[in-house]
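One chain, subunit A, links the two complexes that follow: it is found with subunit B in the first and with subunit C in the second.
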Partner chain A sequence: MSGPRYHRTRAQDQRLLAFECQSCGYVSFPDERRTCKRCGDAPATFEEVRLAERGEVETFVVQEYLPDDIEVPQPLAIVDLPQADGEGESARVYGLLTETELDELSVGTEVEARFRELFDDGERPINSFKFAVPREVKR
Partner chain B sequence: MVVVDGIGGYVPLYRIDRDDVAAQHGGRGRGESAVPARDENHVTMASEATTTALERSATAAEDVAAVFTASITDPFAEHGIAAQLAYRLGTSTDVRTGDFQGSARAAADALVTAGEYVRATDQPAVVAAVDVMPVESGGDDEATMGAGAGALVLRPDRDDPMATVDAVGQATTGFLERHREHGESATAGDARFERRHGVAPAASTAFDRAETDADLEYGVASAPGFRLARTALESIDAERVSTFNEVGYAGTATLVLDLCHAIESVDAGSTIGAVAYGQGGADAVVVTVGDGATDPDGLTVAAQLEAKEYVPYVKHLEYRERYDYQGVPNA
Partner chain C sequence: MTDAHVVGSGIIDFGEKYEWSFDDLLEGAYLDLVESVDHGIEPTKDIDAIWYGTLDIANEGASGASVAHATGLFEKPATQIVNACATGSDAFRNAVQAVKAGDVEVALVIGAEKMLDSTEGLIGGAALERLWRGRGVTMPAFFGMRATRHMEQYDTTREQIAEVSVKNHENGTKYPHAHQQFECTVDDVTESATVSYPLNLYDCCPVTDGACAVLVTNDERAREFTDAPVRVAGYGFSTDSFMRGDDLALTNFPASRQASSMAYERSGYGPDDVDVAEVHDCFSITELITYEDLGFCEQGEAGAFIDDGVPHLDGDKPVNPSGGLLSKGHPIGATGVAQIAEIFEQLRGEAGDVQVPDAEVGLQHNIGIGRNATGAVSCVNILER
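Take a look at the complex of A and B:
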């Protein structure tokens, strides 16, 4: 029994652990796949890598119509996060934005990963990463 | 010897202007208080502070031997903060963890215990304190209840540490006036009585027992109100360093947050006396700031006090409450 997804992907969700294909260098996040999405190597050999907590917005959408208990507008971005050691390729990561005004956000904006409550399982908070413009921008 | 290898304070981005609270119920307000974002909780805020502390330290997460956390507002009876924080940081699974609660002295208990753990094992330990103070609309202390976190990395030695822990002392008097049920605002009792018979004797005794020859130049005090904190420092002739006017009372986290702020703000060689007053007594810690605290990496507490956004009154209430659902489906 593998348990719920938030348990299986704890290392990715809480430590930004990603998987680098040893054939082509593609970095998969959050899934560790049997087949490399880019080069098709199967079964692929993936090595664990840590992602940096700062990256760049590649694109984003702004969600305006959501259930009442979700604050809107709620931006959702695709962010390229480099590897923490500066080596290899970046990973492409989906993430919600938090504490970021729409006029602070554009393609190419530098954002930092912020450990936040993503959703809850009953009363229990499930924490993972969102993105925000760096706090120093707010000064 | 125990040195402070890394420090990190965390102040939420959002603030409520105390005048906006006064406008709802009458009276006047001065200063502001920190309000957590809707998606912040005790583990995420402790993570923010501890990540900064570890990044500034010479200690790798996998070498941390103990993680001790303190909170007086953790909403869970069974859940814990320390183990969740340890996993997030990437410590080894044989890390010792401990959650300190039940008194506003909890952060001092965690800090002193961590220091003793470092002495006993010669291994590094992390201390983190975090609180989100509950408020009641129209309550006496609504305007001054804040939120925040602070973290310290302690180890046996290091060249150019951020600070050294010189002495600790405690006074467990058993005195109890202010008290609070889970999730409720506090029953404060008689403030004058508490200052005279609770704070003053406990804090002065704790400082007396923290035996040091050093001249305490700066003082940090954790107590649930400006005047209570001022009373806690009356027995030492020191300049007070405080985030109270910008953050409010952040529960037991105030001790570590303000200590981080002080270490970041004063010159190397300065000596700081920190006191935590809470249910049952007071604890004092004396630290001397080292060269390693000069121009630290990352956002200082002072920078976070400047980087802020104000929220309206209704958000100040709403953001402190648990909510049912946010963001993405429960996959």
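Take a look at the complex of A and C:
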């Protein structure tokens, strides 16, 4: 895995920078494009928006079988993150989860992004986020 | 404009074919087709063009020239189609379009995949995904997320999902070319090892080598090859992604709704007219949500649909009489072509122990997930006797 592809999205990975289509309101994350995936506007006008660090699990899985160099169990979720200023639409964000206990997780669970070094590409650390259930809402 | 007709098919037994090379797979399916065309065929003279479906998982440097090498069909147009797990169906669709356009009279469609020569296969590629920041999504996870959400949103049960696998394995024991020839119970499925919660081992199709071929021609030439051609009544193809923000894409595949709508519109048939269907069941949940996407039942009612036995071999709308991908196997480039071949046999009354009585309209559905793992390509073809 090469490093530059992660370098390109460091603002998304480290600051939850997203891009709102001015035609239809779609919020793109992490893709920074000049065309809109939802309305097809081309060229589309996007404005930078910041996402909140807390959102809601839309669905999830817990992977048990992965290549040998990846730790299992490996939970993943699709999380809707609202915009930080409370305006507009949420972004639909993929993310790894820290929780592996199924009773901590369901559709609708509130999670927060925690920023950390996720792994390294052999040359440099890749900093991004994982989602976790906030301590105060843990059952 | 002429119609397109399927006038022949050839297949090899799917399985772990360590003694067969990639070329052996192609040659086997091709020879089975040549030897089974009702009125015979002179391949080098009759076949005008080839559409060849493979993802080239085995990394053999596949191209149109590879299929010529394996079949001896040189000096003709030969096009390799690559479109994720819908590769075989899309090869067929492209051949149908060329025949309908009048540019090609007789087309060979052939799909093959050598899955077992590579130890990495799809897993390595799928796990290294940028959107997941380098650690991530495998195919069981991608489909498992639909299962999690469908269970939550529609009260679909784990047992209803498992029942798809039970049904298809039972059908597979009656279909001679199926890779996995065993029956299983709902408990076997729900108690098998977890691959990616909520999906277990028996919710997943096996890793299988295979190849299949069909012959497509126009109105004028069809009866030269057989007295019982099968007409291609309609086709559709579409793509969609859950990254576009539609909640329906978290449980289902909007691309399948779009592709089937196109095929229904072109054919003049609707979901109620379909007598038999071969659909994409790479995982049990995939078939379940496809009942909804194809309009076989209402949204959210797929669990009740299978509880009522509707998609079973003796039900009102048999789905995957061949055992589907879950039992037959999923050699990617061959998968869609093998679905077409099964519908061809069903509509000609040649489907043996899995024959659906008096089937006149058959639907074939095949989806694929690209490396970005956010959505699907979907192909639907409708055939009629």
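In this section, the second predicted complex is superposed on the first by the 128 of 139 C-alpha atoms of A that agree within 3 Å, B and C clash if a C-alpha of one lies under 4 Å from a C-alpha of the other, contacts with A are read in each partner's own complex, and residues count from 1 in each chain.
By our rule, a contact is a pair of C-beta atoms (placed from the backbone, for glycine too) under 8 Å apart; a residue touches a chain by one contact, two chains touch by 3 or more.
Quick caveat: nothing in here was measured; it's all calculated off a predicted structure.
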{"item": "First (subunit B), second (subunit C), both or neither touched by A:Arg38", "value": "second"}
{"item": "Touching partner for A:Glu99 - first (subunit B), second (subunit C), both, neither", "value": "first"}
{"item": "First (subunit B), second (subunit C), both or neither touched by A:Glu58", "value": "second"}
{"item": "Partner chain in contact with A:Ile78 - subunit B first, subunit C second, else both or neither", "value": "second"}
{"item": "First (subunit B), second (subunit C), both or neither touched by A:Glu89", "value": "second"}
{"item": "First (subunit B), second (subunit C), both or neither touched by A:Pro30", "value": "second"}
{"item": "Which of subunit B and subunit C A:Val107 touches, first, second, both or neither", "value": "second"}
{"item": "Subunit B versus subunit C as contact partner of A:Phe115, first or second or both or neither", "value": "first"}
{"item": "Intersection of subunit A interface sets (partners subunit B, subunit C)", "value": "5-6, 67, 70, 74, 96, 118-119, 121, 126"}
{"item": "Residues of subunit B defined as touching subunit A within the complex", "value": "13, 37-41, 43-44, 47-48, 51, 79, 84, 87-88, 90, 299, 303-304, 306-309, 322-331"}
{"item": "Sites on subunit C touched by subunit A in the complex", "value": "120, 123-124, 127-128, 130-138, 140-141, 144-146, 148-149, 152-153, 193-199, 241-245, 247, 250"}
{"item": "Contacting residues of subunit A [partner subunit C, same complex]", "value": "1, 5-6, 9, 13, 26-27, 30-31, 37-38, 58-67, 70, 74, 76, 78, 89, 92, 94-96, 102, 106-108, 118-119, 121, 126, 128"}
{"item": "Of all residues in subunit A, those that touch subunit B in their complex", "value": "5-6, 10, 14-15, 67, 69-71, 74, 96, 98-99, 114-121, 123-127, 130, 135-139"}
